[in-house]
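Next, two complexes with subunit A in common: one pairs it with subunit B, the other with subunit C.
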Partner chain A sequence: MTAVTVGPTPLARLGRFMADNPLVPLILLLIGLVVVLQILQPGVVNSRWLANTIKVAIPLAMLAACQTLTMLTGGIDLSAGTVATISAFATATLTPLVGAPAAILIALSVALVIGLVNGFGVAICRVHPLIMTLGTALIASGCLLVYQRYVIATGTKIPDFLVWLGTGRTLGLPNGLVLFLPFAALVIWMQRRTGFGRLLYALGSNEAAARLSGVRSWQVLLSLYALSGAIAGLTGLLYLGVVKTPSLSLALPLDLPSVAAAVVGGTSIFGGRGGFGGTIIGALILTVLGTMLTLMQIPEGGRRILFGLIILAVTALYIRLTEQR
Partner chain B sequence: MMRLLSKNSRTVGLAALLALLLVATKLIQPEFGASGLESLARAVLPFAFATVGMTIVVIAGGIDLSMAAMMAVASVTAAVLMEGASDGQAALAVLGVLLLGLVMGTINGTLIVLTRVPDIVVTLAMLFVWQGVALLILNAPGGGAAPWLREIVVGGVTLPGLPAGLTGWLPKAVVFLVLAVAVIWVPIRRSRLGLMLYAIGSDQLAAYRSGIPVGQTRIIAYALAGLFAALGGLSVTMGTGIGEPIPGPYLMASVAAVVLGGVVLGGGRGGIVGPVLAVFILRLVRMDLTLLSVDPNVTAIIEGTITVAVVMFGGLLAVRGMQK
Partner chain C sequence: MTESEKTAPVLDAEGVSKRFGAVQALRDASLQLGKGEIVALMGANGAGKSTLVKILTGALRRDGGHIHIRGAEARLNSPAAARRSGLVSVYQEPSLIPDLDVADNLRLGRTPVEAFRHWVAEMGIPDLRLDDVIGDLPLATLRILDLARALAAEPDVLMLDEMTAALPTDLVEKVLRVVRQQADGGRSIIYISHRFAEIAAICDRATVLRDGATVGNLKIEPGIEERVVELMLGGKVAPVAGEARHAAAAVGAAVPRLRLRGLKAGTRLADVSFELNRGEVLGVVALEGQGQDELFDVLAGNRRPAAGSVEVDGAPVSFSHPADAIAAGLTLVPGDRAHALLMSRSVRENIALPLLARFRDWGAIRMEDEAARVTSAIERLQIDTRAQGEVRRLSGGNQQKVTIARWIAKGVNTLLLFDPTRGIDVRTKRQIYGLVRELAGQGAAVLFYTSELSEVPQACDRVVVIFNGRVVDVIPAAEADEATLMRAAYGLSRAGTEPA
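Our next item is the complex of A and B:
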């Protein structure tokens, strides 16, 4: 009697491998994209391109941190782009009036307040995060329009160190890494090693079970969305330094790619699975993909279609792969 | 009579609120009359169609975040097809756009059923896809609308043989809305299909076990939403005369109207009259604020706040309901 062990199908094995080492296939995909880019336009991949790609990917990855953390609980933060825009615009317009430190402080507290409102709606009123954050984004952008008319005469000034952070380069690498590396380390440490991080995963996997084991879910969600607002505010500051011209729709184009970066990076939109490490790779993949689309001269409409389809395809694939187990 | 009243207490309440607001509008602006009513109805029309489409999907237990984006696709398609077209061609274009709406909705529904990804994620992804499609069709507002099409929604009703004063106060836009809903939704509501839509919304498993083809019914619900989105997009083009590729604020407004109108997010309960009344109320509040010469940006803030407050209040009620 030879016991024939029926092994899992190749697809299931791949699914298990991907679930265990989500970063490996992502990095392979990234390398593959870079190779394709090099073939499309030989010589485009060099150290200057690398520095530029990292520079563009950093704000995207930071904004995607909001999505990653909220998605771990099964939520989403669609107000992140608006919050980043508001924080950037407020900083640029308030700096000539009250000085850079105070302006930044005000900008970040506004971001925190919007995050708290989101948290209140999601945690206490149990509104679906998607609807809640979309609603606050609408209100907040209305407030921005009104605010803009009061400061239209004062002019704008971008603090020097933000420009240094956003566009400067040291030893061929963008200075944004000075902010980003500690930030990424902190987020990854928080999600893996702290109680708060575990609670996020617990809430996302099974909220009822988490609540029955004594988790006060509303406290977790409230602080999560406040944190998400604060991160978005910080991203706005950095992005202001990158773009150098404050506008009313500064970070809005990052809104959708930030969701895509988190989803591509392997964070499940249903919660309980994923992490910021994958999101960083996801942001890099999207940036490289963006370069490719620019090289192929795809219009804005085509880009949006592609991003939408990517989100859908990756999520559907994820469901397929995890259902096999 | 009393039973009918108490059964539809929400609708009656909303209608009373609407009447009260109309009186308030008259007090704010004594000249408010037929023309004011007409412009209100015309402004409400796209919102109302978005709300009707959203209501159907929500009743069937889903949500469609791509509503406004589909409207944008319909609006630009209509405007591009009708620019410089003859009357006959324009009529064909209208039919084509309605068909396009059905197709877009069917794609949404089919993707939801086939991929088994939750509707909220699929329609979020499709929101971007349809936005992209609208931008590819028309990069900036433009195109045109056939004059006879604009005639359908502009002005008051005039019937041959009756003096204009008798029917002139009734905006054509309202008649158009009522007719469209009556022709499309009422027969469905009365048929098996309507029952099936409510059934999958209130309990999908139970519906499945009673032999309802759940997947097909969901696809139909989204297809209907797509059809109403096409009507909404058409009415944008009809009202303004051009196609608008950037989606308006229809998504949030329709969700708020659905919640305010007594349709439970989660499905299975509510009707179509409540949300439509609610959307009129929300627009009338906006108009009153404009009449009170509140800054339009501030108006947008107030409107957004009302919307969010309504959704939050609805959420609180749902939480209370669960705990009981």
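Our next item is the complex of A and C:
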């Protein structure tokens, strides 16, 4: 009856540790999944499997960078998948006409413009990012349909180096890492060591406080959504090399998984917490999970259900342990 | 019916107490209200007035004491229960739903429409249409509607909390007349106001709270103001200011750091002019809601003034964003820490935030330079950094220090402190006063609003007192004892103000 609880419970201490080192539990979870995979299908985990997993996870992680960065401010970019598709489609259809460098330049410019439109709506008109990016995604995909009718005759060509980047392997590792490693290093450096990165966290934690400290949030948000558009465009190029067939729904299968990768990776949709490091692991977790469900030969319906349940469970547990609200 | 029943008070609160954590907000509050009586409830900031009001209206539960309404023990467990007990209140802020029209609002509150219309017309708004949307009506009208709605509910006890604060003078008179008529008609009214003139005009008695207890129950008569102020202060002897300040030192510089002329903003800040010099700590003293919030918002670039001018170093300025104010050297520590801090981010990120705010600071952070600035600010304020990973894990006092450290790291020119010591421990308070004096000694200008009058002589050189949105007095620190400040804050004249 006289027992008095002193200090935090072990569970709370674990949660605090995880809040301070958010990557540790994610890496443990990833290793755990790989172990389970090996037990389910002995011998499946080998260097070839590893390279393939990384290859599949790279475009997902890159697209999830758009979600991570926007989610840090409490936003989201639902147009990322559409922008990636447009960029890929434009590159594939323009290359026969103007050559690869010009095609890629045009594709990335279109991606940047869509990002700027998102930024204008979110930063200056203060439209909610969910609505704004959903709206531009619809408009942009409509434009893509119109565009397709004009270029259908010209045929498509995928620049060779994109194929090399998307599917090639060097020393057993996917060539995509040539693009991805510098990209990831740059994003992580930006979020930790630049003023812009800090302001993303500041806006997501407390926009009013950032304002009182002299932050003009419209500048940050406009730049952010433009950047997100550019990243999505870049992802589209890489994904074109991976899939090798341009289509009007090329990157759409990555759209919602990119949100899931960021959330599973510990980025809060309410803003102010998380980072790209966690997102990369989140993308790997989702990829391994996908492999596992495929190997278990569960029909597509059941796979989706399990996939959704696992994402919810992981996120709920993570949030509970780290006391995020 | 026995004699005692006839004279029994309508409302009888006895020995009410309430504790919030370590703070005893109410110890022994009592309030009696007879039939047809208007009683003013008075008390300085933190005396427990609002806690008592919240208990009476069912927003808070009392820890102890008894409350009887018409002789029966009242269970005020919720606002609805308070309403059923016959106690209806009108608050300072309008309580009608802005997106609905008048009729829908009445329906929601089950207010009888005919009675409502009668009272609205009585108070001088004959042309109100029931399909007017609340959000389109002027603030003064909304106050009238709130009061009319309360009257239409035929309450036994009506509680009016600062309801005249936003009203123009002619409407104030109409409202006061109606309130007095209500009392003459047998209704009992608790009247909360900072304005002695109104209290003298309509109230029968005044009940005074100090430190959570009822310390006096006075009949309203000429000279009551002085008695009430004495009661609110308690037996405190006016202390002579700790040390004489030499504000004049910097006044010699011809151009003041900050000069306000006829500043007006919102419904409360009416007309404020004063000057703030380098090396000076200028106190601002005001009761709640006298326009000080608007004043600090305007100076921090968080709000545009409706009229008047602000000059910094003699040049007129106009801020459209806090960034403009910061560029001019005006930096705000807001009253509510939740508005200033990134609760889920580290102490370092919180302190370094203003260093990165401008577009040109968006590139690579010079980590060593940032670390040096942050560390020196942390040391200067003696912030306990054991839980620096997330600011929300710090104590309130340490959080407050972080909000100040931010501007120390940036470099202080003119510091606007809005009640920086509210709700923090004595040791931290002392540190903050010490820091403020030190900053002024180094040539900074500090505008220091505080709700704790006893702080003023310790921290300030001069004090401007604001009442009803206007500067009513400027007092040197040496004369700024609590009694003098309290009188001035209530708009009472100060003996010996006139120069000989």
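Note that in this section the second predicted complex is superposed on the first by the 292 of 325 C-alpha atoms of A that agree within 3 Å, B and C clash if a C-alpha of one lies under 4 Å from a C-alpha of the other, contacts with A are read in each partner's own complex, and residues count from 1 in each chain.
Everything below uses one rule, namely that a contact is a pair of C-beta atoms (placed from the backbone, for glycine too) under 8 Å apart; a residue touches a chain by one contact, two chains touch by 3 or more.
Keep in mind the model is a prediction, meaning the values are calculated, not measured.
Asker: Which partner, subunit B or subunit C, is in contact with more residues of subunit A?
Answerer: Of subunit B and subunit C, more residues of subunit A lie in contact with B.
Asker: Quick one: classify A:157 as touching subunit B (first), subunit C (second), both or neither.
Answerer: A:157 sits against neither subunit B nor subunit C.
Asker: Once the structures are superposed on A, label A:169 by its partner contacts, choosing first (subunit B), second (subunit C), both or neither.
Answerer: After superposing on A, A:169 lies clear of both subunit B and subunit C.
Asker: Have a look at where A:214 lands relative to subunit B and subunit C in the superposition and call it first, second, both or neither.
Answerer: So A:214 only meets subunit C here.
Asker: Which residues would you name on subunit A as touching subunit B in one complex and subunit C in the other?
Answerer: The overlap between the subunit B and subunit C interfaces on subunit A is empty, containing no residue.
Asker: Sort out for me which residues of subunit A touch subunit B in the complex.
Answerer: Touch list, subunit A to subunit B: 121, 124-128, 130-132, 134-136, 138-139, 142-143, 145-146, 149, 256, 259, 269-270, 299-309, 311-312, 315-316, 319.
Asker: Provide the residue numbers of subunit B that touch subunit A in the complex, in ascending order.
Answerer: My answer: residues 65, 111, 115-118, 120-122, 124-129, 131-137, 139, 249, 251-252, 255, 265, 295, 297-298, 300-301, 304-305, 307-308, 311-316, 318-319.
Asker: Per the contact definition, I'd like the list of subunit A residues that touch subunit C in the complex.
Answerer: Residue positions touching the partner: 19-20, 193-196, 198-199, 201-202, 205-206, 208-216, 219, 272-273.
Asker: For subunit C, which residues are in contact with subunit A within the complex?
Answerer: Answer in residue numbers: 300, 302, 321-323, 326-327, 332, 334, 338-345, 349, 352-359, 361-365, 367, 389-390, 406.
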